[in-house]
Structure formats: C-alpha cells, structure tokens
Amino acid sequence: MSKISIQDMELYYGDFQAIKGISMEIPENKITAFIGPSGCGKSTVIKSLNRMNDLVEGCRITGNILLDGVDIYKEMDPIVLRKRVGMVFQKPNPFPMSVYDNIAFGPRTHGVKNKAQLDEIVERSLRQAAIWDEVKDRLKKSALGLSGGQQQRLCIARAMAVEPEVLLMDEPTSALDPISTNKIEELASDLKKDFTIVMVTHNMQQAARISDKTAFFLLGDVIEYNDTDELFSNPQDKRTEDYITGRFG
Amino acid sequence: MEISRNQFKEKIMKLVFLVTAMASIIAVIVICGFLFVNGVPAIKEIGVKEFLLGMEWLPMQEIFGILPMIVGSIYVTAGAIIIGVPIGIFSAVYLVRFCNEKVYKIVKPAVELMAGIPSIVYGFFGLVVIVPAFQTIFGGSGKGLLTASLLLGIMILPTIISVVESSLRAVPEHYYEGALALGATRERSMFFVTLPAAKSGVLAGVALGIGRAIGETMAVVMVAGNQPIIPDSILSGVRTMTSNVVLEMGYASGLHREALIATAVVLFVFILLINLSFSALKRRAD
Amino acid sequence: MIKTKDRHPMSMFLNICMKIAIIFTVGILAFLIGYILIMGIPNISPELFAWEFTTDNQSMMPAIINTLIMTLLTLVIALPFGIGAAIYLVEYARQSSPIVKIVRITAETLSGVPSIVFGLFGFLMFGIAFGWNYSLMSGAMTLAIMVLPVIMRTTEEALLGVPDSYREASFGLGAGKLRTIFRITLPSAMPGIIAGVILSIGRIVGETAALLFTAGTVASIPSSVFDSTRTLAVHLYALLNEGLYMEQAYATAVVLMVVVILINWLSNRIAKKLAK
C-alpha cells in the first residue's frame, strides 16, 4: 500500500495556478525522486506534503493528499502531520544554538523532557545521520561552526529525532560539495529501510543513482511517474526523454 | 485533547500580541483625547482669535494671548535651522566623501554620542558657557533668541547629519562618477549632482530637525530669557510654546492651566503637520 | 603645476566650509564634554553620594536610586507591549493589512511627540484622571509610552533580521508558532532587542520635561510607586532652577553625562556587533 496518496491536487498562489491537477502514489520505504526544470512545481508539491505551504500568503490547495489514508489538509493537525512527515531543506539551516540543542529541539517540542531520554535520542539521531563521530566531542558547541555538509547531515539528524515516518528532502545537496553530496546520498539509501523518502533534485544522476521511483514534473504537471530504471531507460513521453537526455531544462 | 489545548493557546497568544500592537494606536488616541478635551474648551472660552493672535500673556489678569509664543517658537526654530542645517549638510558631505577611514571612525561615533546627550545637559552647557560668552560679546543678559537658536542648532546637528548622510549614501555612485568624468571637481560633483539627487532625504532631515527644535523644552527654557513678547532683535528675550508650559504648569490652575494645555494643543498640531510632511518626504525619498 | 583648487575657487570654498563644519561639530562636542568634566570632577565629593538628601548636602544618591527604579518600572511596563507589538507586526500580520499601516503611522507619530507634550498628557491622564498625582507610577507610565516606539522599531528590525530558514526549520519539526517565536525567533533576535532596550534606557535616564509634572521633584527615595520622586536629570534641573548650588550641579551633570554616554556607547557597540 502506498504511504502517501496525492489525488487531483491543484494549487494556486492567488490567481496563479501553480499545480494542475496531479495524482500519484508514493510507496512506503522507498525513495521517490521529483525531477524537472526550475519552476516546474516539484518543490511546491513536496512542501504541500507537510503543509509548509500554509505559511505562504494566498496559497490555496484543492484535491486530496492522504497519509496512510487520512487526509492531511482536512483531518489532521499540521503539528501532528509535521511530526510524522519531517523535512530537510535546500540550504542547511541549523538553529544558532548548540549541536545538542538543535537535535533536542524537536523531541522537546513534542514533550520529551527527561535528560537521559534526550541524550539517547540525540546520539541515535546523530548516528543515523552518520555524523556522530564528527560531532560527539562538540555537542555543546554552536552548530554554526560545522561545515556545510556537516550542517546538512545535522539537519537530517534533527529531522529524524522526532521519529518521522516520511522524510522530505528539498534539493538537500544543491548547496554542497561532491564529497558531502556523496555522503548524503549514501545516507538516504541507508535510511529508506526505516523511512519513506521523497526527494526533490536538480541532478538527474542523483535521481538515477539512489531513487526507486521518479516523477518528472513540467509546468506544474506530472508528465511521467514510473520506476526509476524504467523511466530513465525507456521513457514513455517525448518530453521526459528530451529532459533526461539533456535536450532542455 | 493535547492538540486542541495547544491550538487554544496559539489563538489566545495571537490575540494578546494583537492587543499589544494596538497599544501605540490607543496611546495616540488617548493623548489627542486628553489634550483636546482639556485644551479646546479653554480656546473657546478665551476666543480663538484672542488666543491665537493675542499679543499679551497676563495670566493674573486672565489675558491669554499666545501669539508671542507661537512667533517665538517659529523664530527659535528658524534660527536653529539656519545654523544647524548648513553645518549639518557640510558635515554630512564631508563624512560621505572627503574624510578618510580614520577620521570617520572618530567623527561618526561623536555624532552618535551628540544625539544621546540629554537636553538638560545641553541646557546646562548653554547656561554656563554660551550665555556668559554672549554677555561679554553683545552685552545684556546673554539670554535670548540668538542663544536659544545657537544651542538648538547644535542639538539638531546629529539628526541632520545622520539623515543627510544616509540619503547621500543612497544616491547611485554613477551620478558622482559621471560628474567627475565631465571634469567637475569632487566638491562640485558632490554639491551640484549628488546632493540635489538626495533632495528628498535632505528635506526629510530638515523636517525632522524642525520637529526636534520646535518640541525642545529643557534646553530652550534655560537660555531663551522667557519673556512673553515678540522679540524685536536677535538678542531680545523670547518664550517658546514649550517653555510657556514648563514655566507655569507647576502652579497654574483654572483657566490658566487650561490655557497652558491649549498651548500644548497648538504645539501638538504644529508637530503633527511637521510629522506629516516628514513622512511624505520620506516616502518620496524611498 | 596648477593645483585643481587654484583653478576652482568655488570648490576651494566648499572644501573649506566642510572642514569648518566638521571641526565645529566635533569641537563643540569635545568642548561640552571637556568643560563639564573639568568643571564637575573637582566638585564631586563623598557627601554628594550620601544616602539622605538634605538641603545642606544636595546629595544625588536618592536621585540615582530613583532613576534606577524609574528605569526598571518603565521597562517592565513598556517591554511587553513593545516586543509583543513587534512580534505581531513581523510574525502574524500580513504586511499589506491596514492594521499594520495604522500601527506604523501611530508609532511614527508617537516618536515625534515632544517630551513636554508627553509630560502634560501624563499629568492629565495619570496624575489627575487616575488620581495618582505626582508619582513614580505616573512618571513610569508616561515614559513607557514615550519609549514604546523605540522598543517596537528596534525589535521589529531585529525580528526581520532573523532568517526565514530558522522559522521553516522549526515549523518543519512540528513546532507551533508560539514555540517557534519563543524558542527560535526571539532568542536569535535578542542582541538587537537588547540594543533597543539600552537605547530606551538612555532616553529614560536623560529625560526631564516628561517627568516634571508626572513624577514630580521630591528628592528622596519613595516608599511606594505612588510617591513623588526625582530622577537624576530632574535633580540637575532643580539644582539649576534654584541657582544656589552650581558646584553640585556641575558634579551632577558629570555623573548624568557619563552614565548616558556609557549607555549609548554600549547600545552602539551591540548594534555594530550585530551588523557584522
């Protein structure tokens, strides 16, 4: 059964229709990649999956988005939703506080006060994000002192500390060097056994390397959605083919 | 259950923040209300014409004409502008284009410091330095229109300098460079090209300076002489609207007190007009 | 070789004007500070800091303590409103909403109102209508309204300076708006807010006209917030007004000036650190 189900979703910014009635099923414990040229709506869709678009003035959504069969816009509190559907942003955005407090922010938000329990969550999350060895001696130091790649893994650890079921990643490696990118990709492949991952990427090789399913977006519409191998080796739509062979975008 | 309690808290706090945001609106309404309710009846009782255009202020005989104070405020403010604006503009241009880093690092904090010195300290300085100096130079009491104008001119300097400086810095660099490229000197380029381009900002600075000067109380009251007459020379004593309030409010009662409040109402209207023109100028400058 | 200046008398004239202006500006400040320090420091004596004010010693100690109490009370009243209003403007309101426009205009108006008008208003509202007479409370309420726009503006700027990515990250972790504001946004904006608070302290400490008819001029430490009290700046005015205590006035002016200069310097330093 699919984890997230998008049904006839349309999205408007004021009068402008940004998403034109898309439907797709996102499977559990897989990596689903959204690809497409800039402005195609892929970031907009991923942000709708944990209602980050609520913060945008004049943004309106029709259709249904279901998480485990429950409509996230009509039947779910955004706070509960965001606990279950975590997000990693394009640019690493650690809070200006210590590494420890960054990770503990989420659990504390959701009511964990016990120090030992917090310690355990912090260590487990940092280990999961493969950054524990690099920061274990500087947990009390500011997170802003870390390198860009470390900051992004910290943000992944921070997202995982609230034990979400789904992890949304909005171009998580676009601001990183190749070595850090590689680490994040390995991490994502590793994490899919515990999480459902949805990733927006600009980088087609990245999508081909690590994702199980890929959706190709163009002008606010999903042109093609298929198993990654299938989509890249045997695209059904001419526009998909043009894009993946680099003829535009 | 937990969720709805959270949502409730969020809603309540949003309301609380909204209420705090209303504070400044309420403050302005209440200030206007109290001043007008207490002042306007007095103006009616005295007579609008007698009050605004009356030449004599004799509280003991219930004669309340504030024209000398209105004129006094205007004279003193005009004097402050005549002294403060040129010095302020010249200083600002110098800071923007003609001084090196080292000088700037000394002068800029000095100007900021000037803005922070309390008006009572300026008044004290005026009383013990400028007044005796003018006594020696011009004879007489040393207190009066010129003294007050000079002191206020000094006090509005930091306002003028910082507003003019920032509006000069907002003028695109290529204006200045274009003028230089035509063979103009640096001075000519700044004063005839950049400065006119920053006109709205400069005027906003002047409006702000006027507001400061006309509203200043403690410094003026110590050096202006405070005679409620229309000054006939720049050395003669002068009383401003602000001084009128501060000098007599302590002991006034009845119609006298209301006349003082009415003086503040007139001052307040002046200030509102100046503020309006300031915001209009600022909007044009932006 | 002909120097540029020789060929351009106008430019030379402007250049000289600028130099005179800048020397005048800095010179007058240096003279003011120097004069008051030189005349005042020799007059500073231990008895000026006696706990009790008498007509003999003209001690400024009660006034110093009153200034401290007045500052604290004013901030306690003004801070929640100033910071709350800024939070509403930045975190809640739509920037185009009429409320935001009205709040901005009124705050701008407030910051242009002369202190004597605040004083008169405070006298009418708190002193007479509320029946608090000349008192610490009347004075603090009046000053609170006076510094409100300062606190609002600086807090607003500080909040606007907090990157949106912090807010997004916090919401993304399932934190609500309140938690995001109190745990993430406000702490990040704290240095800017503190700079604004210090600026307001400078205003409060230096204020005279707004206090004369609200807090009054009683020169001892009040026993309740409804007693009259004189701050250091008012104390200086009272000394000058009586005209009998010039030495004490000089000494008081030194203390007042040094305190205010220190406060402003501190505020500027914090603001500069932020700008980096």
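Labels for the chains are A, B and C, by order of writing; each one numbers its residues from 1.
Note that contacts are C-beta pairs under 8 Å (C-beta built on N, C-alpha and C of every residue); 3 or more make two chains touch, one makes a residue touch a chain.
By chain, UniProt protein names: A = Phosphate ABC transporter ATP-binding protein; C = Phosphate transport system permease protein PstA.
In this text the structure is predicted, and so the values were computed from the model without any measurement.
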Could you find the chain whose CA centre sits the greatest distance from that of chain C?
A
If I average the C-alpha coordinates per chain and also across every protein chain shown, which chain's average lies closest to the global one?
C
State, to the nearest whole Å, the distance from the C-alpha centre of chain B to the C-alpha centre of chain C.
16
Whole-Å distance, C-alpha centre of chain A to that of chain C, is 48
Which whole number of Å gives the spacing of the CA centres of chain A and chain B?
56
Spell out, as numbers or ranges, the residues of chain B touching 2 or more other chains.
6
Touching two or more other chains - residues of chain C
176
Set of chain A residues in contact with two or more other chains:
79-80
In their shared complex, chain A is touched by residues of chain C numbered 94, 163, 165-176, 179, 183-184, 187-188
Would you pull the chain C residues touching chain B in the complex into a rising list?
4, 8, 10-12, 14-15, 17-22, 24-26, 28-32, 35-36, 39, 80-85, 87-89, 91-93, 99, 102-103, 105-110, 112-118, 120-121, 123-125, 129, 145, 148-149, 152, 176-178, 202, 205-209, 212-213, 233, 236-237, 240, 246, 249, 253, 256-257, 260-261, 263-265, 268
Residues of chain A touching chain C in their complex?
50, 52, 55, 57, 79-83, 86-87, 89, 91, 93-97, 105-106, 109-110, 155, 158-159, 162
Which of the residues in chain B end up touching chain C in this complex?
6, 9-10, 13-14, 16-25, 27-28, 30-31, 34-35, 38, 86-91, 93-95, 98-99, 106-107, 109-125, 127-129, 154, 157, 161, 185-188, 191, 211, 214-218, 222, 242, 245-246, 249-250, 260-261, 264, 267-268, 271-272, 274-275, 278-279
